Structure formats: structure tokens, C-alpha cells
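Below, chain A partners chain B and then partners chain C, in two separate complexes.
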Partner chain A sequence: MGAAPATRDVTSYGMGLAAPLALFFLVFFVAPLLQLLWLSLHNDTAALHWGLGQYLHFLTDPFSLSVLGSTLLLGAEVTAVCLVLGFPIAWLYQRVGPKLQTIIILIVLLPLLTSVVVRTFAWIVILGRQGIINATLQSLGIIDTPLKLLYTQFGVVIALAQVQMPLMTLPLITALGRIDPNLDDASCSLGAGSWRTFFRVVLPLSLPGVIAGCTLTYAAAITAFITQSLIGGGQMLFMPMYLYQQASTLQNWPFASAISIIFLLAVLAVVSVFTTLGRLSRGYGGT
Partner chain B sequence: MIMNRRSLMTTALTLGAMKAFPGLSYAQARPLVFATFTGSWEEAHKAVLVPAFRKANADAAMVLDPMLSVDQIAKVNAAKANPPIDVMLHDPGPALVAIGQDLVEPYPVEKSAYYKDLIAEAQEPMGPAPFFQVVGLTYNPEAVKTPPTSWADLWKPEFKGRVGITNLNSTLGTGWLVEIAKMRGGSEANVDPGFKAIEELKPNLAAVAANPGALATLFQQGQIDISPGNFNAIQILKARGVPVEFVAPKEGAIAFKTTIHIVKNSPNRELAFKLIEASLTPEVQTTLMNPPYLIVPTNSKVTMGGEIARVLAKDTAELKQKFVFQDWKKINEQRSAWIERFNREIKI
Partner chain C sequence: MAEMQGGRSLVVDAVTHRYPSGALAVENINLDIKGGEIIALLGPSGCGKTTLLRIIAGFIAQTQGRIIIGDDIVDALPPNKRAVGIVFQNYALFPHLTVSDNVGYGLAARGIDKATRQREAQRLLELVQLPTMSERLPRQLSGGQQQRVALARALAIKPSILLLDEPFAALDKNLRLDMQIEIKRLQRVSGITTLIVTHDQEEALSMADRVAVLSHGKLEQFGSPSDVYDRPQTLFVNTFVGSSNRMPGVVVSADRTAAKVRLDAGAEIIARPAGGTLSEGGRVTVCIRPEHLQFVGDETGFAGVVGMSLPLGATVVHEVTTADGFGVKVSQARIGETRALESGAAVRLAPLAPSLANAFPATL
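Showing the complex of A and B:
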């Protein structure tokens, strides 16, 4: 006991400092989540009868499953678009002078500085019947009647990709910045072409950034209630809207809770796939 | 008593917690809380109803806490014994839910000076209707040269790809479905003909908006030229210069009662009653009927004027004739099944 000050564990300070946040999470996140779980395990809206009825209802109903499927697919499409469009920007960022770098960062961050609602409304103006795209195509004589862009899956994917793009680009910029530029030169001097260098050296080493970006974009895209409902409209049903409908309009809270839990588990499953890929890639990048 | 740092902190935290969560300490007197709707409703009530109430009641303290009907119900439900709201405002669907869950008190009709002057449809013993919301046809007069006259006009081939509707989440969407079902031989209990009618409307549908607000903005974008629409939502657009007009179809405009209720176990029961009385007076209803509010009055002593007299009704007799009221008790019984069916069947 007398020697305690000398052997005092320095990590205990860290734990103590984390306590306020941990308490905050416990009270305002874990507790409501448990309440949600509790509510979802009831068969009636008054939450008097215990049972798995809500989960059975969801998992045996082809319509509900198709809503879940289309939501997860939407996330995959948005993530793919963001990755394909975001990677070149991040790559470019590492190869230009500091002035251009500032401009690129500004362009990447700009969407984050305006609210999602404003960005989404801008897309309504762009994609509408008399919107920028249709007006341009019509004045060029390429199309006669306006294309239907708003209230389509295509419209939702494009709008979400723009809205969530910073979440993909920023981790990519960080990951690419960590790669030693000498590796490129080494690869070239050993006889690899630029494509081969990209696929065998740059891409594998940037995988942690790719995984982080994909996880963030995916999670943000599938839960983006505002953009999904404003661009997708009232007949394109994704999980957030389905949940809102059950909870708010129909006051069916147990079913809404069950939808939330199932959605949460589905997202966790996808995220854990990403994380596993990340762990594998670390081994790949190291060898 | 020794004051050390620890006990000082504990005291400070306790006091802070009592300040942050007043319910912890003891039930205390609080001002009257009126949960109105957000947006133009809040503006109208802040500018007209609240001053009228305070003038009549010696400047009694009151708070407007705007929120959606469903949130009002959830909040009162969570604290039935000591509700955080004294007066609730509801559309017909949620009103029945609130009454069904035993959250509201019967209105003291015999004490009321104005209740008997309300038109019959507005006299609801569980909470009178101080206003009507009206749904009719809305259209863009620049694109639609001959004003529509009937719900059936939405199916005209000339409106191919120009019609907008909302899904059934809203009172507007559900009420409209019931109305077109009635037009084709259905009723509040049988909306099959309505679903068939929407099926036939598909070639004309340009958009199924997620809510009435989103629907109204589609006029602004030229995405749609004609749709079922809320009279008051259209006035807001018109005031901003969007080319859009409202017309009551010959089958009758759908009228929703917006009812106002005293919350059960309210600590401010008397003031709540006084606020509702204020909302029923001809003076308040007349002011709210005039621009910029254009809220349809329910007190038969109010003389109709302005835009409301022009497009809706010149007096109470005409109003009764031109408005259709729906049986929301019946609608609520099957509404969730309809929403489910709409989700599955209506894909454009």
C-alpha cells in the first residue's frame, strides 16, 4: 500500500475522464435502446402481451423484406457511386500543389456546410421536370419531352451520393496521404506500369481509407430520411420512412420498434462485413 | 457543518438537476401550455388567439408549444397523471385516438357561451372545432386553362403525367381516397373502388409526395399541374407568387374538423377552458378568417368574407351545402390496412 503512488496505473486517469461521456451514453443511448428492444417484444400496441409476433410479422412478410432489401441495395449503390467518383478526387489531392489542395478541400467540405434539407431541395430544382437537366437537354434538342428524374431510384442515388460524398472523400484523402510516394517510384522503376502500380500498390495500401469511407457513406445513405423521402417521394418506401409511418401515422410502436431493431442488426451486419474486409486488407497491405 | 469540496459539488449537482428537471422537486404551478401545430398555425395563434386570450383573462401566463398531433399524444401519454400540455389541437384521426386513449376531458358545454353558436358539425362534446381545414382541387392556372370542376377531372387524358397526390400518411391523402371511393360507389367502410380509381390514375400520376407540404412545393417546380390540395397550404404558396389556384369540386370540398381539447388531469383546467372559449369567439374567428391567415371559421355568427367567401362559401348555409364531412371513426378502423395496401400497390 505504501508503494501505491509509485505503481499507480496511469490508465486509470483515462477511464475516469471517459466516465462523463460513458454515463451520457448509458443514460441517453443504451437505456432508450433497451426500452426499444423491450417494446419490440410485445404483440399488441398497448405493450401488454409479450411475444415475438412483431419480428415474425416482419420476417415472414415479403413486402417488409423487400423494403429492407431495397434499402440495403440503395446503400450499396450510393456507396459505389461515391467510391468511384470520390477516389479520383482524393488521388488528385495528393498530387497537386498546396493552393489547389485548399480549393479541393473547400469543394469537398462545402456540402457539409449547408443543411441536408437545402442540399436536397437543390436536387429537386436540378432533377425536376423544368429543372436544370431537363431544360438543358430540351434546349439542345436531345429530348422532346422531359425525362422523369425526380421520384426515381436513379434520382435518389445521385442526390444521396452528392449529399454523402464528403464522408467518402475525407477518409480517402487521409489514407492516400499516408502512402509513401517513394513506393510509386519504386514500383515504376521495377518495371510496373502505372495501372499495375495503382492496382498492386496504391489501392491495397489505401484500403483502410476505402473501408472507413464505405462504412460511413453506407450508414449515412440508408438512414437519410430527408433525402430519401423528398427525392424518392411517397411511393418509394425505404426503411426510415416505413418506420416513421408505423410509429407516427399508425401509432404501432411495437412494430416500429421491431423494424428499428431489425434495421439496426442489418446495418451492423453490413458494417461488420466492412470491418472484416478491413482486417483482411491490413494483412494484405503489410505483406 | 463542514463544507468540503465533495458535499458542495453534490449540492450544486442536485440543485442543477432540480432546475433541469422540475418534475423532480414537486408539482408546481406552471403557465397554461397550448400545443398548437407548427408553421402557419403557430403564427396565426401567436398573433391572434394568444393576445385575445390574455386580454380577456388578466394577462394570464401561457406558452405555445407547437408540435404534431402524434407528438402531443405521445407526450401526454407518457405522463397521464401530470400532463405537460393543457390544451391539444388535433386533426380528426388523432382526435379520435386521443379520446380513445382517455387523454381528454369532455368540454364543459353548459358553461360555454359560444358552443351553441357553432355550426352543428363543429359541436363536438369531447372538444369543439374552432376551425375547418378544407381540401379541394388545386391547379396551376397557367398550365390548366379551363378550371377543373370535379374530382373526376384528374383522370382526364390531357393531364397525363401532370397529377400529384400524397400517400395515406396524411389526413389529406386518406380523406381524398375516401372521397374518390365514395364517388365510385364506395364508402368509409369500403375504399376498394378508390384503390381501383388510383390504379386507373397511374398514367396521369407525376408524383406521390410524402406529405402535403412536399406536394405543394411540386407546383413551384412545375413537376405537377393539378392535385388534391389543402386550401390553407395553397394560400401560402399564392402569397409567395406561385401560380396556383384552389377550387371546390362539385362533389363537395372535404372538410376536416380541427378540434381543440382540454387535457385530462390538466392543472390549469379553468384557463384551458378560457383559451378554448377565446378560440370560439366570433372576433377571433373573424380575424383569423382575414388575410394573411384565411382560416375557415366554425362560429355561425361570423360573416364570411374575402377569399373564403369567393372560393368556398358565402355563409354558413352554403358552407354546409358545399362541404362534405367524413366519418373518421370508420376510417380509423381500417386506416392501417389501407396504408399497407397503398404501400404495396401504388408504384409508379
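Showing the complex of A and C:
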């Protein structure tokens, strides 16, 4: 007969199906980001004169730098609290029966099921001058005057930690679930106590989850506009509120854009440090 | 490498374990294991053998009974104080540690310094014939190599008892035989009392000095491989260990050493009363192994029709349907002219010898 039938490459897929999403990202993410960058490169509020003035202003202004510093520190504190409190929950989850697992998951997910505004107001009720904590401590006679809990760094960290906890706990639960339970028994049968097993086996093997949880928690904590503002109040200023003031109140869009870009770069830097740490400490997976 | 330690004895004394739900996992298990013996715990899945292994290791606290290692009752000791080495079915090597660190892990837990640990790890890796693998990660090794590492890791702590949980299940057939020989060699060298949990009867029979057969949490028989294979005490042991044809029949006459049984298939044979004495006229189940049946030319034995013949290499297995409708298998060594029989051929069968048929009182 004639020529052999033409062969078809069945391993490549058409990119057409990805086009809608690509277009969506292009219009609603890449374009605004480029516009932000374009705006930030102007020295005047009317965006007529090109220049790096806004960046110079931010990087030489002690106030702006202190806002950036306190925001990054806030993120670190929230992440640390979430890790220390979240790890035991994730660890417990892997060691209880299916019924308790359901309850734990429900408790972990519950914060995600209520509005962040509602959760934050709940913390105001708890932390306020006449709030639950102060009222209890006063009625027990432990303190005479109410403690200042609201509008403090402590208050913001606690409230944010509760709000962002699921972002830490869920990756940890996944990571711990991937660890072969026989490793625990193996470690134990070789004479290791529970702490050695935890630090030599469980913790190193859960690092991918720790890194993922820390990255998510950190990114969420430093950008949590509502909780930061409501619990922090007027005296505590963090980057999202600073940005909002510059853009909305002062109408200084180029400076607000420059703040955004600097903030974005700062977050990316921290996240890449996390990722690098994760890659270095993960003895397996690479090589 | 002389490493004779003279293994310690292990006594499982009337151990019973109930799950929290109340179901019995193991019931009144008694095993008296001498130092240096290899014992196989053999049974189908769910028979309680893994539970028993975990009780000995200390991961499960038994409801009743005692575990005695050497002269010590170890029930109060947690697993990390029992010095029981375990090789897990999936090896459970630490994936983030090198082979050397895996082997040295137990020594590190005992506070031994790094240099000594590495030297000892290297010595053990040479013992399991992996001297050049010390810096690799477990996932860079083959299944057999991983098992050798797991073995070296368990031996590193100089355990008084070595427990192997389904050690060969994950290996392919050729490698399995190599590892069985290897483990038997290492066990001989070290003299460590060894317990192998397995559902594979060939493995149990070939490796163990004595075999404990378990079923539904109960110990069915504990004896040498030939005891278990040739002189099974229960119907379960007879059918689980090796393959066996089960043929129903009625006792014609019986004393303590022999019973005359009329098979429903239509022949009178002499069988060994295996499960205690049999009463005349009682229903029995007679077990005859396929290799203990032979074709006979005369009118002795029982009649059957050949269904299918399977030439399986060294043997040929014939499937024969008897007059009462039961299917029996006959295994013939393949010598010279042994050929597959025609389907539908009429044959007569008889046991090779009276002692090779076992009669058990019929349950039901």
C-alpha cells in the first residue's frame, strides 16, 4: 500500500486550555504590578517626573525603616508562636484515633470558617481594659488596675497567631503524616528516648512542613491589615496600614507604590531564606 | 569474625492480649525459646503473630502473662530499655541519615562517641557485606541492601533478642533466598536468639529451628519443622503448612497409633490419628499431601477422574475429581516418562504409606 500512517506526538498538550487563566493573571495581576512599579519610579505625586526619589526617601527615612523593621519582626514573632503552639497539635493529630482527629481538624479549621473581622473583635473583647482577661484577673484579686493588653505588640502577636494558626498546623499535619510510623518504633527499639526520637527523627523529617507553614504564616501575618490595625490601634503602625495611609489619606500614590515594592521585596527575601534553609536542612529529597 | 555471644533465652509465659474493644488478639501463648534458637512465628494475616512480636518488643503491654528474657522479667521495661533488635517489614531506615548514621543510631542513643560509632558501623557493614555503602542514603540502595542495613542497625545495639517482622516479604524471589541464607549465616555467627514473624511457610520451615504456628490468636503447634510438617497436631496446621487434600470419612476402627477410615470417596485406608484418639463410627477429615498420593494399577485405593495436569517444572500436579465429587491434587516427581495425563482419564489413587495420612475428628 502507500506510505506508513503519519505518526502523532501524543506527549505534548495544547496550551490553549491554560489561556483563560493566563489572560486573567496578565490583566489583573501582572498589569497592575507593572503599573505599581511604573508609579513608584516618579518623584512627584502627579507622576510626571521620573526618578528614584520615592525609594531614596523610604530608605533614608528612619520612621519608614522602623515601620518596615517592626512589621518584619511582628511576622517573625507570630510565626514563632504559631510553630511552638501548632507543632504539638499536629503531633497529637497523628497519634489519636479517627474520632479525635476529626475534632482536632475542626478546631484547627474553625478560625478559617469565621470572618477575620469577627475573630479580631472577639480578641478586642478578650484583651480590652474591661475585657475577659482583665475582669477575671481583677476579680481574683491578682491585679488592681487593668493590664494594657489591647493596642500592644503582645496583643497583636497573640491575635494574629490565633488567626493564622491553620496555615501552620495544616502543612505540619501533612508533613508528620508522611513520616513512616515505624520510624518511631525503630528509634525506640534502638534505645532512643522520646526526646531523642523527636529531635533526630520527627523534627528533621517534618522540616518540609515546618518551612511551608512558616512561609505561609509569615506572609499572612505581616500583611494582615485588619487584625494589625484593630488590635494594634493607632499607636502601632505596620506596613499595610502605612501603605494605606499614604495611598488613601495622603493621596501620595508614587510613595505608596514604592512602599509596596520594597515590602514585596522584603517579604520575598524572607521567604527565600526559609526556602533555602529548608533545602539545606532536608538531607533527603535532593542530592 | 568471632562474635559468639550465646543468645539469651526468651520465655513467653501465658501471654494473653485483648484489644481495647475486648476482642482477643492472642490467647494464652506459651513459648519456651532457648538461647541462640531461630524461631518462626507462622500464621495467616490476622492470627496475632505481629501483636505477639510487638508485645515482646515492648510496644504493646499485654493484658496477661509475662515476657522473660534471660533471667529478667521485662514487662515493666519500655521498648528502648529492652535491648531487643527489630528489623521491620519495610526496614524503617531513617531516610534523612546516611547508612553509617543509621547503623550507628542506637550507639548514639547510648552516648557512644562519633569515632567509635563510625568504626562499629563500618565493622557491621562489612559483616552484612556492604562495606562501601556507608555514606549513601537509604533510598539510594536496593531493597536487599536496605534490609542488610536494617539488620546491621539492629545488630549494632548487641540485642539479646532479634525480631524480624516479615523480613523477606518485600524482596523478589531470588533475592529472598539469598537473604534467607545471609540471615541464617549471621545468626549462626552472632548466636542471637531470633524470632521471625512470617506468613510464608517455606520461609518458616527452611529458616527456623522450631516453628510456632498461630491461628486466630491461639498457638496451634510449636515444634521442629519436621514435626509441624510431618506430624501436624491440628487440622489447621496440616492444611496451612504445606498443601493438603482434605477428604471426609468415617472411622471403622481405631486405636492410639492407627485408625482404619472408610473414605467417602470409596476406599478404606489406614491413617494416623493426629488430634488425639478417635471414636469408632465418628466422622473424620483425613489430610493427605499431594506428594503422598500415588496412582495405583489394581483395585486398591479410590477411583477418580483426571481433570487437569499441570507440569510445574520438577513436579507434575494432577487434579483429580473423586467419586464423591471432591477435588484432590496429586503431585508426582518428574522422573523419566512422567507426563501430563489426559483430561478425563479414569485413575485409582492411594496414599503412599499409612503414616502419611492424618485423621482429625471432623468439626461441624
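Keep in mind that, in the parts below, the second predicted complex is superposed on the first by the 268 of 287 C-alpha atoms of A that agree within 3 Å, B and C clash if a C-alpha of one lies under 4 Å from a C-alpha of the other, contacts with A are read in each partner's own complex, and residues count from 1 in each chain.
Following the convention adopted for this analysis, contacts are C-beta pairs under 8 Å (C-beta built on N, C-alpha and C of every residue); 3 or more make two chains touch, one makes a residue touch a chain.
The structure displayed is predicted, hence computed values, not measured ones.
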{"item": "Clash-or-fit label for the pair chain B, chain C on chain A", "value": "fit"}
{"item": "Chain B versus chain C as contact partner of A:193, first or second or both or neither", "value": "second"}
{"item": "Centroid geometry (CA): angle chain B/chain A/chain C, rounded to a multiple of 10 degrees", "value": "150"}
{"item": "Partner chain(s) touched by A:183 [first = chain B, second = chain C, both, neither]", "value": "second"}
{"item": "Partner chain(s) touched by A:133 [first = chain B, second = chain C, both, neither]", "value": "neither"}
{"item": "Partner chain in contact with A:147 - chain B first, chain C second, else both or neither", "value": "neither"}
{"item": "First, second, both or neither for A:248, with chain B first and chain C second", "value": "first"}
{"item": "First (chain B), second (chain C), both or neither touched by A:235", "value": "first"}
{"item": "First, second, both or neither for A:205, with chain B first and chain C second", "value": "second"}
{"item": "After fitting on chain A: smallest Cα gap, chain B-chain C, Å", "value": "49"}
{"item": "On chain A, the residue positions that both chain B and chain C contact, one per complex", "value": "none"}
{"item": "Complex contact set, residues of chain B against chain A", "value": "68, 70, 73, 97, 161, 166-169, 173, 206-211, 214, 217, 221-223, 335-336, 339-340, 343-344, 346-348"}
{"item": "Residues of chain A that touch chain C when the two form their complex", "value": "180, 182-183, 185-193, 196, 200-201, 204-205, 282-284, 287"}
{"item": "Of chain C, residues touching chain A in the complex", "value": "57-59, 78-86, 88, 90, 92-97, 105-106, 108-110, 137, 139-140, 153-154, 156-157"}
{"item": "List of chain A residues in touch with chain B within their complex", "value": "63, 124-125, 128-131, 148, 150-151, 229-230, 232-235, 237, 241-242, 244-245, 248-252"}
